[in-house]
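In what follows, structures are represented as structure tokens.
Both of the next two complexes hold chain A, though its partner changes from chain B to chain C.
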Partner chain A sequence: MSEELKQRSAEAKIGDSQITLMKGNEAIAHAAIRYGVDGYFGYPITPQSEIIETLMDEAPWETTGMVVLQAESEVAAINMVYGGAGCGKYAMTTSSSPGMSLKQEGISYLAGAELPCLLVNVQRGGPGLGTIQPGQADYFQTVKGGGHGDYKLITLAPNSVQEMADLVGLGFELAFKYNNPACILTDGIIGQMMEKVRLPEFKARRTEAEIRKQCPWATLGKSADREPNIVTSLEMDPALMEMRNIKFQSKYKTIEENEVRYEAINCEDADYILVAFGSSARICLKTVELAREEGIKVGLIRPITLWPFPSKAICEYAQKVKGILVVEMNAGQMIEDVRLAVNGTIPVEHYGRMGGIVPTPEGVLDGFKDKIIK
Partner chain B sequence: MNTSNIVSPENLVYAKPELMNDMYMHYCPGCSHGTVHKLIAEVIKELGLEDKTIGIAPVGCAVFAYKYIDIDWQEAAHGRAPAVATAVKRLNPDKMVFTYQGDGDLAAIGTAETIHAANRGENIAIIFINNGIYGMTGGQMAPTTLNKMLTSTSPTGRDVQTMGNPLKIVDLMALLDGVCYATRSSVHTAAAVRKTKKAIKLAFENAMAGKGTSIVEVVSTCSSGWKLSPTASNDWMVKNMFPVYPLGDLKNI
Partner chain C sequence: MLQEIVISGFGGQGVLSMGKILAYSGIMEDKEVSWFPAYGPEQRGGTANVTVIVSDKPISSPVVNKYDVAIVLNQPSLDKFEPKLKPGGILIYDSYGINKKPERKDINVYCINAMEESTKMQNTKVFNMIILGGLLKISPIVQIENVMEGLKKSLPERHHKLLPMNEKAILLGMEKIELEQRAV
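Entry: the complex of A and B
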């Protein structure tokens, strides 16, 4: 660790190894500063405004040099991310459901121009203005491509404040590994709840020379030894545009083969499996416990990457169990991917609450008995 | 007379700007874009900023601006160039960042991004081509379209009672504290071209000096969209556009 970083760690209000109590939203902000993010561009919206508030309070422009800017709209914020990402910088934005809808145009352009960046959606219940209470109804929007065109977002689903902090780094790592936007899809529960967290160590922000080396495509000014760099998603020749799409699809296939992450809990001896992500998975952990107290052997699969989806793992577990219940705070979205993975071999049912209502472990257990055991 | 006696360095009075790429331009005959591109290429070279400049291209006729000037470019979504430029400049304060936008891009779909970037006083230059029409999509009405002007979406002429008035967005921007330089020029005569070049140069210098946002509006022709010959377009512009969009500095501090 360089002297500068050592000093930064020593001066930080929260030490590197210290365990602190904080909100998930705050953890995102701290993790971003510590990862060496270059620019944050956001717009206030509940339930995620603590992210920009924490950043403004921490004033990282005085320490790491990170730029924090409150944009005039979600639309402007995502296009600022485009500008920053086009320079090879670590650029990010955060929002909640209605704001993410506004960003979809920009996200499609980011994917089309193959720009790496980090997005965070602290979901609330919808549709429309909906509610400020938590929801998971943006699964389709995030995983299936909410903007126009054939593209994919690397989607990470944290289930704790610790993972909120950890997935910031992983998100940027994957985004830059594949030149593709990555999104942390979380919700108002994880964003607002306070938990213990150990923040990641400080990393130095990259120098321009390092960025030029890491991202030879970045628009940082044309040096005499190279052709101009053009960041664009435009190609008027359909034959070339199809080639571009084929290249994207091949990249997505590589990501699907290499980057699936999930957690399987109590699945080894399970007769039944719950599949849930994020805060629903936290609730299902308790349901697994309650079911096992009654002698029902239930396990839990928690996808950490929603795209790429752990289809193979779910397919394999489906050979060993009698039924699967998918638990989500929506009307049934991830269940479509679970059903595709299972391909009709066993019953796959859905238990969901909507509009900002959070399921209880007991409610999930009742739903499980009702829909799966019958 | 042998031309080789004439074509020699000491007789050189004009040359293609070094930063203009060797390729056919897609612009129509009589269009102002090509001239403004040339001026930008000249100014960047004269200021020695070719390795420090990042241009932000719009959606509109200038969507391919990045093909013609030999610098790094980003292609923005429609209207979003000032937001893109904001981040490029904030994250690279030592670079020269400019947007190149048409009236539909800047004054309709991108109004919010334009006003707010200028209001924050982002240290960027905005080159604004105002030809009163959506050229690229086939001559539809723009916010800058003149009263009674014929376009494909105002086929009997713009009715300001129902379709709105010509938007003088640079007048509006000149009121903002973040704007250090707002000017309106044209490129229909040699003298006008020279004036516009000076304006672009000042705008780029302001961006490097961190003085705030500069906007250079170039009142332009669109002979295809206006359905006039190039020379008739120039005359039409002088007669009809200039009274609504008078040339000159609106602000220079």
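Entry: the complex of A and C
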């Protein structure tokens, strides 16, 4: 890797506003450096290895001082994130499906200790080691809590290389606003494809004084004028632990009220609606075009935040249409949230491909006719 | 303008980089582009293909099932993508290693002996540029000046001395591509 990569990033540095061509994975790496991230801890796995490769190639420890470390395992990496986040640093890790499973214990601890950090899952087909081709079957794991306990991950689903870059910043912003881990849930299509991207502006890494101000809870060394900060998810007294849980739930409610993001395309005059996220939403966009060429009025709702889920918007659109098709690269996961939002008022069906097979726009259209129009 | 193109051949033939140069050239013309490789466990010697879309408007799906142009550089690729061409679409193949020719009558078929020509040039590495030249002759998706700009951008500087040879290969491809069948 690469001379060519160096050339491309050199280009990106010349003018901040310059448009360049790169993979989604590369965009994540560049966006992290530009956001002023303090530490990346990862372990390579297809289809996301270009993230750590790009970071190693860019060598940001020589420029911004950002630490890039290939850990001995995914488990080690997520616990390094815990350590970094405990000090109020911008810490992140990335992996793909099997690697994310290994990180789940650490993610539950991060949520339990209310530590902000950024996770990226470039999903592949599963279960088990599965395939290296794209999948979206980690929706449940990410949105419903793959680790133990009542916790939530702020989950962002990019549908383009541009959004891969943009959601890095948003992820950190939301994580630090609510002291909660955030996860970019993407897949091998968006990770591997190249598109035009305008990288975000360079931001300087925060100074220690700035971190102390932003994160008064951070374990950066105790000063004489305060009690020690303790970062932990352990609480031996169940009454206090329940209080903590109540506090978490109230925080989650605030996030659900304030941070829902989605895109509604061609929904205003639609008779039917497709709901899809990430790369599936791109495929569905083409299906919408094909359907409209045939005179069938189809729209698309694309959740950008998978949690908090745009339940209210979907519920409102459901009043105006005859049926909804949920399209995912899995056996039917997000459909449960769509059905909850619609609450039985109109038919909600599922079209999915699994195990690394990518649906085609024509295949989705056939599935739509078969399951919704009948 | 929307061109949905698939380039397919053996790993190592320069399929992915040819797609990348095409995508870069599109950017030089301020067009929307997407480049999506079928990434698999096998590389050199295995089959590789890439979908490149160049458009005036934002691109909906980077993954498509029907193509305007299919460039097929071995028999398995021809077998796989000939049925996926839109009626009236363009099929470009290199006759080297092809024993079963295209059969559809509703597509435009072009042949280019790029393998042979690159051997004559004593540089088989420009094989993919000869093919690209052929494509640009029959479907001027991008201007050749922009291809050269795109090449400059996608090649590391230490390889810039190879630019004239690549340009020569592109021009040769433009000259050598032959219409074999017009769509009926």
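Definition applied: the second predicted complex is superposed on the first by the 360 of 374 C-alpha atoms of A that agree within 3 Å, B and C clash if a C-alpha of one lies under 4 Å from a C-alpha of the other, contacts with A are read in each partner's own complex, and residues count from 1 in each chain.
To be clear about the criterion, a contact is a pair of C-beta atoms (placed from the backbone, for glycine too) under 8 Å apart; a residue touches a chain by one contact, two chains touch by 3 or more.
Note that the structure is predicted; figures quoted are calculated from it, not measured.
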Chain C versus chain B on the shared chain A, clash or fit after superposition: fit
Touched partner set for A:S73, first chain B, second chain C, both or neither: first
Which superposed partner A:Y109 touches (first chain B, second chain C, both, neither): first
Angular separation of chain B and chain C about chain A, which is computed from CA centres of the superposed model and rounded to the nearest 10 °: 120
Touching partner for A:G356 - first (chain B), second (chain C), both, neither: neither
Which of chain B and chain C A:P158 touches, first, second, both or neither: neither
Chain B versus chain C as contact partner of A:P181, first or second or both or neither: neither
Which superposed partner A:L21 touches (first chain B, second chain C, both, neither): second
Chain B versus chain C - smallest C-alpha distance in the overlay, whole Å: 29
In the complex with chain B, residue positions of chain A that touch it: 38-39, 41, 67, 69, 71-73, 75-77, 79-84, 86-87, 89, 91, 105-106, 109, 113, 208, 219-224, 228-234
Of all residues in chain C, those that touch chain A in their complex: 20, 23-24, 27, 32-37, 39-41, 59-66, 153-158
Interfacial residue positions of chain B with respect to chain A in the complex: 50-54, 56-57, 63, 66, 70-77, 80, 83-88, 90-92, 95, 112-113, 116
In the complex with chain C, residue positions of chain A that touch it: 2-4, 6-7, 11, 19, 21, 46-47, 132-133, 188-189, 192-196, 279, 282-286, 288-289, 358, 360-363
